[in-house]
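Two complexes, one shared chain (subunit A), two partners (subunit B, subunit C).
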Partner chain A sequence: MNEQRVKSSFSFYLQILILLAVFLSVGVVLVQVFAAARGMSRAARAETDGTTLCRSAAEAFGASGTAEATAALLGGTADGETATCYYDAAIRAAAPDSAWTYRVTVNVSEEETAAGTIAAAHIEAYAADGTVCASLDTETYLPGTKGGTAYAA
Partner chain B sequence: MKQKDPALGALALYAMLTAALLLLAFLGANLYASLTDGRAQDETRRATLAYIQSRVMAADAAQGVRVLDGPEGDALALAVDDSGYEVLIYCDAGRLWEQTSPAGSDFSTDAAQAIADCDSLALAWKTGATGAPVLEITANGANALVALRSGEEQAA
Partner chain C sequence: MRRKQLRLGSITLLFTVIVLCVATLSALSAATAHADKAVADKYAAQVAAMYEAEEAGQEWLAAVHAAIAAKGAALKQADLPQGTTLSDGTISVELALDNGRTLSIALQQADTAPGYRILRWENTAQWTENTDIGNLWTGGSASQGA
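Right, the complex of A and B next:
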């Protein structure tokens, strides 16, 4: 009688332990799924913000044609043929020494053609960890040559 | 020596299991809420900025884009060709509104269509090195620029 009771108790605890193990496994999987979803959401947000920033930089470059003038419009700094601007998480211009979230660079190059001077810009938006969120290429005719702006995304 | 009650041990295990389940459900709900909130904010920001940018680009013609004082912050007045009508885009009561009405009409959300949630809208003209006017749009705290090719926009 006593032996049967011990067996029954052992069986009960075994069931509980198996249930606990299964439950923990499901929990681990769910946490991983949620973590992955959060990571994807963060990446999507960075891509959205990066695209918006690149588009703005392209507009500024289209109205400027040079790195210095582009930086002035964007509220950033220019070093040679590269304009750099920093933004916070709300896509507002931020100081380089602040806790910025995005960095946008506009690399400008000029090409003399039969039609006139074409300024090209390669625009990239970086997250704070250095990954590229978005990039964009654009070209513009410099004033006094042809006029107008052409985009090549 | 007093023997432990096996039912008490089982009860403790069930209590642990239930507590862990509740904790997991709570954490999951919080994570899900933060994900959906973040996505909603992104969509609102993207929708508002992209919408205004697109509307301004579409209305880029001589005297086609004007900046007015709106009910809350600035407002955009975009001419509809030479029809005498204009599209007013403004922020009011936490939403972005689009109103198509005869030029010079007052702002009225009764005659407007809500576009997206919007806490604030600020518009400022800048000038590029080429002389092209650049409209700086600040909606929900986020900035975007639009360069206007026609070059004849003005603030009211």
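Right, the complex of A and C next:
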């Protein structure tokens, strides 16, 4: 009678152990799925924010045509032909020494044309860990004095 | 003293329900994250295409301005870049890009200085309406039994 009870108890605990093992292995797989989903959501957020910041920088560059003026419009700093701006998680301008989330660089190059200058900008948005979130290339034409001044309608 | 017996069947059932719930939630979160990434990629591609068209437009503008500066009031159709039309002092072009975007620009030569006035700068994308509504009921009359 006692031996039968021991056998029954052993069988019960063995089944519990198997059940827990299965449950834990499924849990590990599901945790990995959750982690992958979180990573993908973060990457999507960074890409969307980075694209928005690049677009904003491209519009500022289109309105100015130089690195200095672009930096002044975006609230950043300019060093030669490169403008650098920092932003927090809410895409608001941040100080370089603060805990910024994104860094946007605008590298400007110029090419003389017959009646003016084509200013080209390569814009890149970086996350705080240094990875590139988004990039954009744009150009703006700056009419020279030789060709007269352009004016909007 | 009688011991209350713990049944393994109920525990298994509880664990299975919990696992099914968590698995459903994980599948939903993965699908949402995937959709978010797809939308982000699409947005980035659209913005890149828009600025690609902008680059083409700025280069065309530089070429046209060079022609205006060189010829002034004697500007002719042949002096302008290919695809550009000149009509009553209005210079226009439709720049169709491979990415499906079209940039429509119209300029007018300035009266005094060898400059120009921008009349139109429209960056548009081709849109194809999705008419497929799957198995959704279209509103047609259905025969009803007596």
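Operating definition for what follows: the second predicted complex is superposed on the first by the 139 of 153 C-alpha atoms of A that agree within 3 Å, B and C clash if a C-alpha of one lies under 4 Å from a C-alpha of the other, contacts with A are read in each partner's own complex, and residues count from 1 in each chain.
Just so it is clear, a contact is a pair of C-beta atoms (placed from the backbone, for glycine too) under 8 Å apart; a residue touches a chain by one contact, two chains touch by 3 or more.
Here the structure is a predicted model, which is why all the values come from computation and not from measurement.
Of the two partner chains, subunit B and subunit C are each touched by A:Leu30. Of the two partner chains placed by superposition, subunit B and subunit C are both touched by A:Ser41. By the touch criterion defined above, A:Tyr102 reaches neither subunit B nor subunit C.
Once the two complexes are laid over each other on the shared chain, residue contacts for A:Ser56 go to subunit B alone; subunit C is not touched. Once the two complexes are overlaid on the shared chain, A:Phe12 sits against subunit B and subunit C alike.
Legend: residue contacts after superposition of the two complexes on their common chain; A:Arg92 is shown touching subunit B, with no touch to subunit C. In the superposition on chain A, contact is made by A:Thr66 with subunit B only, not with subunit C. By the document's definition of touching, of the two partners only subunit C reaches A:Glu139; subunit B does not.
Of the two partner chains placed by the overlay, neither subunit B nor subunit C lies in contact with A:Tyr126.
For the contact definition in use here, the residues of subunit A common to its subunit B contact set and its subunit C contact set are 12, 16, 19, 23, 27, 30, 34, 37-38, 41, 44-45, 48, 55, 62, 143, 148-149. Within the complex formed with subunit B, the residues of subunit A that make contact are 9, 12-13, 16, 19-20, 23, 27, 30-31, 34, 37-38, 41-42, 44-45, 48, 52, 55-57, 59-60, 62-66, 69, 72-74, 90-93, 142-143, 148-149. Contact residues on subunit B toward subunit A in their complex (touch as defined above): 6, 9-10, 13-14, 16-17, 20-21, 24, 27-28, 31-32, 34-35, 38-39, 42, 45-46, 49-50, 53, 126-134, 140-147, 149. Across the complex, subunit C is touched by residues 12, 15-16, 19, 23, 26-27, 30, 33-34, 36-41, 43-45, 47-48, 51, 54-55, 58, 62, 113-116, 118, 120, 134, 136-141, 143, 146-153 of subunit A. Of all residues in subunit C, only 6, 8, 11-12, 15, 19, 22-23, 26-27, 29-30, 32-34, 36-37, 39-41, 43-44, 47-48, 51-52, 54-55, 58-59, 61-63, 65-66, 68-70, 108, 110, 113-119 touch subunit A in the complex they form.
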